[in-house]
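So that we are looking at the same thing, I have put the structure below in structure tokens.
As written, the chains take the letters A, B, C and D, and residue 1 is the first residue of each chain.
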Amino acid sequence: MSTTPSRRQRLHRIIFETDTPAGRRFDQVLLLVILLSLLVTIVDSIASVHRDYATHLAWVEWGFTAVFAVEYALRLYCSPRPLKYAFSFYGLVDLLAIIPGILAIYYSDAQYLLIVRIIRMLRIFRVLKLAPYLRQAHYLVEALRGSKQKIIVFLVSVSTLVTVFGTLMYVIEGPEHGFTSIPKGIYWAIVTLTTVGFGDIVPKTPVGQMLSSLVMITGYSIIAVPTGIFTAELANAMRGEQLRHDCPVCAKNLHEHGAAFCSRCGHALFPKRDEQA
Amino acid sequence: MSTTPSRRQRLHRIIFETDTPAGRRFDQVLLLVILLSLLVTIVDSIASVHRDYATHLAWVEWGFTAVFAVEYALRLYCSPRPLKYAFSFYGLVDLLAIIPGILAIYYSDAQYLLIVRIIRMLRIFRVLKLAPYLRQAHYLVEALRGSKQKIIVFLVSVSTLVTVFGTLMYVIEGPEHGFTSIPKGIYWAIVTLTTVGFGDIVPKTPVGQMLSSLVMITGYSIIAVPTGIFTAELANAMRGEQLRHDCPVCAKNLHEHGAAFCSRCGHALFPKRDEQA
Amino acid sequence: MSTTPSRRQRLHRIIFETDTPAGRRFDQVLLLVILLSLLVTIVDSIASVHRDYATHLAWVEWGFTAVFAVEYALRLYCSPRPLKYAFSFYGLVDLLAIIPGILAIYYSDAQYLLIVRIIRMLRIFRVLKLAPYLRQAHYLVEALRGSKQKIIVFLVSVSTLVTVFGTLMYVIEGPEHGFTSIPKGIYWAIVTLTTVGFGDIVPKTPVGQMLSSLVMITGYSIIAVPTGIFTAELANAMRGEQLRHDCPVCAKNLHEHGAAFCSRCGHALFPKRDEQA
Amino acid sequence: MSTTPSRRQRLHRIIFETDTPAGRRFDQVLLLVILLSLLVTIVDSIASVHRDYATHLAWVEWGFTAVFAVEYALRLYCSPRPLKYAFSFYGLVDLLAIIPGILAIYYSDAQYLLIVRIIRMLRIFRVLKLAPYLRQAHYLVEALRGSKQKIIVFLVSVSTLVTVFGTLMYVIEGPEHGFTSIPKGIYWAIVTLTTVGFGDIVPKTPVGQMLSSLVMITGYSIIAVPTGIFTAELANAMRGEQLRHDCPVCAKNLHEHGAAFCSRCGHALFPKRDEQA
């Protein structure tokens, strides 16, 4: 088991794992390259930059594609089961990182390639596993999972509200004030309920303005609901590595992580023979 | 009591109850039909769609009306007390789901029928009883009920603020800057206090802008109030606040959350060996 | 002490107190009249209504002034110390409720009288003492008082942020993009930081838009701060009638309202002779 | 050690410390002067004020510069190690407070001096040390430090969301609807996600409006996340989480908040009579 690792195994450690200095450095460099390639894509979309530096940026983009292609080849080479890797989520994302650069040879100005180039960003998550932030993210995800059902109830209620209000506004204000259809009314209701308030469509009639006031105050009040749900769940998740077990005497059901006795009544949480029988 | 149920009783179980597979399936199909009929209503309101597909959609709408009419007849037939059903809340909603389709024969373009057609959405709630989400909704409703009085106090305060600010702005800015009446001023104050900020009416004078800043900072600060109320109540509802346990000595039956001793007589609430025997 | 009360004393009970049915009814009628007078003021500000019904509304307004004048006279008459009442807060508010009606005879269209007429709204609070809502309002006020210092720290920080961002935007965007002075920049920063976003002044330069993004994300993040402060304090206030007293043995410092013994260690909170000596 | 302090030492106490009445008064006067100089800078930026009072304000500004110069000289004089002070953070800020007044002699209308003059505001923090508010600020800072990692996770997620949504909108809406580049799209996504909603760029196509609705509801929902994080941490910071007390038997020294018995060995943490003797 402790034989000298082959070159492929050593490469695997550097590329796929993060517990060696070399592996961490590899991930840091990769993170930098991904962010840079992203930046180039974003900057390239500015008309004046594109006009002046299109060819330079195309070369840079080519460089990134080459780097990613080499990385993809290496990952395939050193992976113990290359096919499994190739069809895994990250394997596909890695492949997608190369494709736009290659397609760009044939379709020079295909705007939809942009989306694919932006998908590269997903690769950041592979690299972020180095962070001590993951434990914190874990709390957040835990709290979100715990509040899933409550949030679905909330979203269904919001959808209902938004459909009702949107339809009412369509009937009240009508097409002459910008509410040209029910979907438009629903869009307006979402803009208003979430307190975004673009102002591209606004109520003009007194009745419409009264109804809007109702929508706004509703939105302002129920902004509390997801916050309340989430806060309560997060507090749970943070106390969270608590032991869930009913005390056989006092029925206290949450205990300290390593508790052997109930901190309220002092009885053994897991009594030995006596009560087991 | 366990005689073979008649056909009417079996129908009643399928249509009104949800604890059999057939009943659940019936509700799922109904939910789908309701959502589809809603979608058709919404899509039909788009001018370009209505122009091209008006007759097709009218036929589809006729189909839905037929389905709902059959369902209504079945409910009347298998209900043990049809009249009580017919005048119950859901009975009326079920009736309202049929009316617009029938009225549409005589009044071909009556826009107000839309509202009635939207009322069909209320029927979704009848179907949603299948969800395990209701226990979660229970927490939310509990928390809302607990915070009712505090929220009324809050809404009264907000109404007062909004009236005062709206009037002040009407006096300061005047009709030439869009504040044409006090109700308009109040509408503006609501738009601003709830941080929606459409931008259809904005202060132009320096004094008006200073007052607006005050309104915004107030709104931004008191956004905390309903959230705080709700969060505190939800946290209460989620853990069962107080410990219900009779003190073995003085019989006090409500104690602090983590109490080990009775706070009135000082005796252990869960004595160790002595009283177990 | 239990002699028959004089007419003045009986009137005093009805007008100033709320613990008799007559007193409660008096307050309810008064509340209605105040709200109606407010409604008339608001409706009167709509140009089209004012044009058509100005004289009618003036008569109605006269009626309200008469009612309030009679009420003021009665309060003065039945108050045991009329002067003290006249110069109390509510005495002055009651007087202000009459003045605009009288002044309106001489200055027919004085808009600033509006403000005085709106001040009548303050009288609602006198009447609201009937509500069981006051205990709830008490919690809110308690929580606000508890969080006062933290909120001042927060407001000072926000003012600093807003001044800095406003000045920066004034320098970056300049008068040609609507940022004509530092106060205007500060106004914009408040509009943005509070997530109101009117859109009357918006950044046009790339640097300005980057800075705005920073302002918005800051505002979006620190929206948490007053909420967090308030929620934590409200939870305190609601547990809140708790007994603050250090247990002489275990130093637990918050106990149930009527606690005689510590619920954690079971020791007397206020031991008799032994430890007093 | 308790010899009569020299004049320099006495000055040092007044200028640098706040525990004497004279020191406090000095700080209060300084705070007033700083705020006034700030006010003058802000007011001077208003075009109409600048036109009419430019020379008056220049004189006032000169006065402030003189006051700050004297103060700087005094601080240098009475500081035990003048060089260390001069290169400390506050030493540099104090120097920056004088420079703009002196430079203004040569460059009469240099707008960038504004920034330097605004930096004076930083000096406010030096004075604020008198406040009893610092203990409260301590809680806030504590809560912020505790939630640092979670907030970084949150900001990274928000940045990712905003980049993805911004790019999608750029592709969907295109330059003809105001989305002229990806950075512009990202700017729009930030404006929308934070619920600011200026309305300077708005989606026009149906697909764009559907995507915006998604962005808004996301923003509205995740507004909960920083609030939840912060509230949970603040609640932690405000009550001292765990009970510090040595168990008399097993010496475990950290226990659950309301623990009466040790959760490791089951012995009473605060035994009654037996061990008191």
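Just so it is clear, contacts are C-beta pairs under 8 Å (C-beta built on N, C-alpha and C of every residue); 3 or more make two chains touch, one makes a residue touch a chain.
All of these numbers come straight from a predicted model, not from anything done at the bench.
Although subunit B and subunit C carry the same sequence, what matters here is overlap: shared residue numbers make up under half of all numbers found at their interface. Same interface as A-D, judged by over half of the contact pairs sharing residue numbers, among the pairs C-D, A-C or B-D: C-D.
Between subunit A and subunit B the centroid-to-centroid distance comes to 29 Å (mean Cα coordinates, whole Å). In whole angstrom, the spacing between the mean C-alpha positions of subunit A and subunit C is 41. Subunit D has residues 183, 186, 195-199, 223, 227, 229, 231, 235, 256, 258-261, 268 in contact with two or more other chains. Of all residues in subunit D, only 38, 41-43, 45-47, 111-112, 114-115, 118, 121, 124, 128, 132-133, 136-137, 139-140, 143, 151, 155, 158, 183-184, 186-187, 190-191, 193-200, 223, 226-227, 229-231, 233-235, 238, 245, 258-260, 268-270, 272 touch subunit C in the complex they form.
Contact residues on subunit D toward subunit B in their complex (touch as defined above): 195-199, 227, 231, 256-261. Against subunit D, the residues of subunit C that register as touching in their complex are 149-150, 152-154, 156, 160, 163-164, 167-168, 170-171, 175, 180-183, 186, 192, 195-199, 202, 206, 209-210, 212-213, 216-217, 219-221, 223-225, 227-229, 231-232, 235-236, 249-250, 252, 262-267.
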